[in-house]
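Below is one structure; the comments refer to it alone.
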Amino acid sequence: MTAFETTRPLRFGDCDPSGIAYFPSYMNMLVGVTEDLFAEVGFPWPRLARERNLTTPTVRLDVTFTRPGIEGDTLAWRCAVVRIGRTSLDLRHEVAAAEPLWRAEQRLVATMHDTRRPVPWPNDLRLALEPYHG
Amino acid sequence: MTAFETTRPLRFGDCDPSGIAYFPSYMNMLVGVTEDLFAEVGFPWPRLARERNLTTPTVRLDVTFTRPGIEGDTLAWRCAVVRIGRTSLDLRHEVAAAEPLWRAEQRLVATMHDTRRPVPWPNDLRLALEPYHG
Amino acid sequence: MTAFETTRPLRFGDCDPSGIAYFPSYMNMLVGVTEDLFAEVGFPWPRLARERNLTTPTVRLDVTFTRPGIEGDTLAWRCAVVRIGRTSLDLRHEVAAAEPLWRAEQRLVATMHDTRRPVPWPNDLRLALEPYHG
Amino acid sequence: MTAFETTRPLRFGDCDPSGIAYFPSYMNMLVGVTEDLFAEVGFPWPRLARERNLTTPTVRLDVTFTRPGIEGDTLAWRCAVVRIGRTSLDLRHEVAAAEPLWRAEQRLVATMHDTRRPVPWPNDLRLALEPYHG
């Protein structure tokens, strides 16, 4: 079992006047990587919303920034499933350039789009995520 | 002693296709509120960088989202100094609309702009932040 | 008759590694100022969408950047109604700090939220916008 | 001679509460595509700033939005050199999903990083851009 891996360029527009990555841009990328994980396992978010009435808001996020990302870096991104609860999903993101830069623990909750209430993960989605335990 | 308080509108552009706040936009606001705290105590970031060679990158961030923010909400923001270490600063952000929405613990580190190494907080800045223990 | 006027801080997070305003951040502000104009005249966008099934997408935007905005600038923003067509609305944005920085001509179109087709502006909204011819 | 072509996903985080692309996110992508063009021709921006003291701010931007982009679209992006002036560079961006969505005319100006004054394009950079006349 292995994590979902991808890369992201650290662009001019992601960096701040002190010349390093602006962390809210990292958070925007993190949402995009989580989105890519769901697409990778066959449940792209637009279809999940349309066909299952399901969204996946984040309820908890713990981030540790170890080294600054520099404009022009290629970020190697590793996103692993840590635990699939009844309605929750815990992911671990590890982001490195030449060296590790930062990591995040993220908890999502399966949520009905219309009522905004938690629901158990559908079984097929749960099974599709299983292989990404990192 | 009292926290720094401000408000932020939750705009159309801060919300996502599911109709609620997009959390990376919250993080962008959070940086702006921290920036406002430094300006409030007399040390705006551009001057801190120019005159003291000092930047304040975030090294740790723990966020709990309790309720979704809705487009059009006015966010009541409370930012309190939790602890001023030798080189670190711990802040607590509490954000509410009609009810509490989310909270964050943020650690900044006083950092030399050119060398990117931690330095002790200047004494005048430390004294200026003291009253904002919440 | 007079334009809608407001201010915006040019924050750390709006600036790029070359130390000046990142223009996509300006565009985000521009949408927010247009949003504020609609709220000012009594038609906030969330209610417009909910009660009138109306959204106001931008179909044309011409921007001229004359001088760079600098981190810490306070932007004086002037947004004037240039012309209210049957389904279109032309706005002119003028943004200055100590001196004029940039200006934009923006065309919005009244659009049904569900069908995404243009519709004539409701008469009460048209009347409410009239005083802001600049 | 042929334009620079690339693709961009239209992500959840690029879309707004009305379910379509938020145009300031398009502008952020546009800067990234221009950045990719410069890297493609051998002059990545971080090196251009460091080794040639050169930045490329945008001074003019005219955008026409024809159809809304929808969450999940893959954007086919075409960026062509229209004209290389002494200090200016005119680019045309054309963005399509199943059908054309929007287009932009962008003018950049070669600018000294420290003085913020226009300078003629270096000859090697000019030659490298020539093949991308679209």
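Per-chain numbering from 1; labels A, B, C and D assigned in written order.
The rule is short, and it goes like this: a residue touches a chain if its C-beta (ideal position, glycine included) is under 8 Å from a C-beta of that chain, and two chains touch if they have at least 3 such contacts.
Keep in mind that what you see is a predicted model, and the values were worked out from it rather than measured.
Peer 1: Do chain B and chain D face each other with the same patch, meaning over half of the contact numbers show up on both, or with different patches?
Peer 2: Homomeric contact, same residues on both sides for the most part.
Peer 1: Tell me which has more C-beta contacts between its two chains, B-C or C-D.
Peer 2: C-D is joined by more C-beta pairs in contact.
Peer 1: For chain C and chain D, what's the span in angstrom between their mean Cα positions?
Peer 2: 23
Peer 1: With chain centres taken as the means of their Cα atoms, state the distance from chain B to chain D in Å.
Peer 2: Comparing mean C-alpha positions, chain D is 33 Å from chain B.
Peer 1: Round to the nearest whole Å and give the separation of the Cα centres of chain B and chain C.
Peer 2: Whole-Å distance between the two chain centres: 27.
Peer 1: For chain D, jot down the residues that touch at least 2 other chains.
Peer 2: If we look for residues of chain D contacting two or more partner chains, we find 12-13, 17, 22, 24, 28, 31, 71.
Peer 1: Please give the residue numbers of chain D that touch chain B in the complex, ascending.
Peer 2: 12-13, 15-17, 19, 22, 24, 71
Peer 1: Show me the residue ranges of chain B that touch chain A in the complex, using the header's touch definition.
Peer 2: Against chain A, the touching part of chain B is residues 17-18, 20, 22-25, 27-28, 30-31, 49, 55, 57-66, 68, 113, 116.
Peer 1: In the complex of these two chains, what residues of chain B are touching chain C?
Peer 2: It is residues 9, 11-13, 28, 31-32, 35, 44-47, 70-72 of chain B that touch chain C.
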